[in-house]
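We just call them A, B, C and D in the order they show up, numbering each chain from 1.
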Amino acid sequence: MPESFKVGDIVIVQIIKKRFLIRLQENHQLHTNKGYINHNEIIGKPPGVKLQTSRGFPAWAFRPSIRDFIMKTTRKTNIIYPKEASFIIFYTGIKSGYKVLEVGSGSGSLTATLTYFVSPEGKVISYEKRSEFARLARENLERANLSDYAEIREEDFLDANPESNFYDVGVVDIPTPWEVVSKIKDCLVNGGFIVSFIPTAGQLEKTYLELEKNNFAQIEALEILYRNWKVEKDATRPEFEMIGHTGFLVFARKTTE
Amino acid sequence: MPESFKVGDIVIVQIIKKRFLIRLQENHQLHTNKGYINHNEIIGKPPGVKLQTSRGFPAWAFRPSIRDFIMKTTRKTNIIYPKEASFIIFYTGIKSGYKVLEVGSGSGSLTATLTYFVSPEGKVISYEKRSEFARLARENLERANLSDYAEIREEDFLDANPESNFYDVGVVDIPTPWEVVSKIKDCLVNGGFIVSFIPTAGQLEKTYLELEKNNFAQIEALEILYRNWKVEKDATRPEFEMIGHTGFLVFARKTTE
Amino acid sequence: MPESFKVGDIVIVQIIKKRFLIRLQENHQLHTNKGYINHNEIIGKPPGVKLQTSRGFPAWAFRPSIRDFIMKTTRKTNIIYPKEASFIIFYTGIKSGYKVLEVGSGSGSLTATLTYFVSPEGKVISYEKRSEFARLARENLERANLSDYAEIREEDFLDANPESNFYDVGVVDIPTPWEVVSKIKDCLVNGGFIVSFIPTAGQLEKTYLELEKNNFAQIEALEILYRNWKVEKDATRPEFEMIGHTGFLVFARKTTE
Amino acid sequence: MPESFKVGDIVIVQIIKKRFLIRLQENHQLHTNKGYINHNEIIGKPPGVKLQTSRGFPAWAFRPSIRDFIMKTTRKTNIIYPKEASFIIFYTGIKSGYKVLEVGSGSGSLTATLTYFVSPEGKVISYEKRSEFARLARENLERANLSDYAEIREEDFLDANPESNFYDVGVVDIPTPWEVVSKIKDCLVNGGFIVSFIPTAGQLEKTYLELEKNNFAQIEALEILYRNWKVEKDATRPEFEMIGHTGFLVFARKTTE
């Protein structure tokens, strides 16, 4: 996508340490506490173009990465963070052509991630019983231009009739993952992956034990910490700020038992 | 890929906590310190099949994930770990269709990862000046069935004539990343990503400062820690073992400056 | 110290998650954004007494621990955090009777910690060349009732004539620790400990190499991370907030070389 | 303690990265896989003396720190690690004169630590119901010359008649800490600290809730991670090895409720 920005494009604007996600419109402005930028200064320019705010701060415009999209998701719930999204994609190997089942679309940030990686050959089917979230997830997919490869089913997964022996990966992001383990197993192909994002230690234990009971193998529970570094000549050190916790992940593979 | 295993397939066999990567051959055996398993017991069976070693230990056979491939890479150098591979793929959004430049193939474990995610529409070009590593990287790609989407160029990147303004992402895994920053910038499309894997704090500082000098934006240095959890009824806790360090990552995007 | 609180006592008042350090005075009030508390309600009561703010929030009064004192130090610089203070005390074994040399009193928070543990039989001598900090350190020691066991010498350590072969432990908290390593070695008894608190990786490297050059043994560099946990019935998890970095510590012991 | 080593002294000998705890005896040798050292070469020498093994490796002799003692405790159970011992001492402010109650002596490594810091004016009383551990704890205290300031009571704490309103700090290291919370509260002075070392998340939750039920305040649960750094000119980085978990700590203070 090396071509220049045009009206209607979604753009990420970096100003100092902050990022803004905007849709380019003629004669519009992005207002920030560092000053404003005219959309017209971006339209027709290539990605990576250097800008300047009305108050003289440097800025740059880029095409948003999938990480930018999930960090800028319009949200009503906690979102899966990039560190967990990273592990989910890589550990399960989700790529073009994969068929992925998601239980709990939430705001759609993880749905968008999964869809990004399965496209253009694959598909994501995501269940969400709360209509406001189903709508929000669809909007967020739409904004990221990913609607063609995903389907949000507004329905309680436990009442639904999903495809059997069909999905390569099942992803769970609901407060009671242990309740859907057995049903997800039916939906997965042999050897397929299940992964669940889990906030607390008690939920982790319950989910893990349910995976054992359902004869999943290679069950693996983990948490990810990451820390930014501040780099300066002769003064390189870890950043003072760090996120202490988002959630645990548990991975497993379906066996034929 | 839900079909059954056949002769010639690469299979991951899980026995207790260990994983073995084998190519199925009739009348062959996998020998381990928990006993052996006959390949014939796997041939014709579906992924996820439960097995038993000659000593009575339970085992399972799966199609290897890309993570399995990189952990089982025949190696002569340190490899990029799954945690760094995860962040590289997700942060840069490498997916089908991407054109990726790698400087330093090493044993090819990261090359295989990049190739897995860019296929089938994209391509990885990887430079490796040491012939034994170029050969090893090719072998590891071959084993993972990924050779069609990657090219190992046995050449010092600094002497080479790579395509300009062509690559979506440049990945660096050599001891002196700062030496190639400027040349990689030429190879990237506007807004393209560069990412470097870096073992020490001093190398991190040098590379980061070189990225600043070359007008990259969104420069971000980080390290990833992850910890497995041991889950048991009423006895859930973090694992005692943990890896303290593999390397730092630094990400940035090309600007038009 | 189980006796009741009296006028003039220093008290720590806990209100929800916040702690306030006050000196009890008749007819005074502690004002907080959760309401106020009358000092008179604390005077004459035993430690651990439960109180209530004017807005109805529960509160408790305790005698401050040394940790409370260092967290509530009136400060003009960064302070050593409890996690580093913990390791410094335990690794070097600073206890009653120890003679401790400190280079860089700063606001006196670490000075107070060292003095607390060496009292009543030992002594802390602390060098601070900036008069405003020397004064502040003395005030903070006074407030913690520790002045009898510490001496703040307002003087550049590099120009001073400290006692030779005298100190059990030397503690360094200045931006250029490598400059004082050799002189501190002269001040230590054989086998004595040196420890330095160091913010950046480059300073750590310089200091460590200077310790090697001065034939210190058992040189050990480390960093400490700690994470609070939020405990609730069936919802126990790590806290979301965490401090990513304060500084590195390097420890070593003087040899006779 | 700057005087020279004499027969009968306990000495820590550092050889490369390993430490050996020995009692000096005439004409004895310390045998290691790096060669041997004659005790006679240490007797009469000052702490910090440089030695050489029979195979030519450099070595040094020091008086053991309290950290050395706990790492070299003859043990039959897991020990409290230095990182947890550090926080216990500092957070509760245990120093000369403190009266400390311990429930669960185990091998006596934490007992020795507590005793080291309360001496010479304070006292540690430690309950241990298993006679083999009570004996081992006494031996380890004896070896560290700390027996005068500690008493191991071979008795189940739940059946014992400990002093009421007497102890400044209560330390718990048994698998069921929640069972002793209420009884320890009786033993503490008003405002006194309780701290428990806890391996699993479930035990942590149970203990924390029991502290709440018993009206303790300032309840704080945490875990500590620490990482060594390998420092070399232009190659400074975190160590690859790291301990992922030892246990959680929970601290609280007794209220008058």
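Please note the rule applied: a contact is a pair of C-beta atoms (placed from the backbone, for glycine too) under 8 Å apart; a residue touches a chain by one contact, two chains touch by 3 or more.
Quantities reported herein were computed from a predicted structural model and do not represent experimental measurements.
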{"item": "Touching both subunit A and subunit B (chains)", "value": "C, D"}
{"item": "Higher-contact pair (C-beta pairs counted), A-C versus B-C", "value": "A-C"}
{"item": "Gap in Å, rounded to a whole number, between the CA centres of subunit D and subunit C", "value": "21"}
{"item": "Distance from subunit C to subunit B - Cα centre to Cα centre, in angstrom", "value": "46"}
{"item": "For subunit B, residues contacting two or more additional chains", "value": "201-202, 205, 223, 227-228, 234, 236, 238"}
{"item": "Residues of subunit D touching subunit B in the complex", "value": "199-202, 223, 227-228, 234-246"}
{"item": "Residue numbers on subunit C that touch subunit B, as the complex places them", "value": "201-202, 205"}
{"item": "Residue ranges of subunit A in contact with subunit B within the complex", "value": "1-2, 14, 45-50, 60, 62-63, 65-67, 82-83, 85-87, 89-93, 95-96, 113, 116-117, 119-121, 165, 189-193, 201, 204-205, 208-209, 215, 217-234, 236, 238, 248, 250, 253-257"}
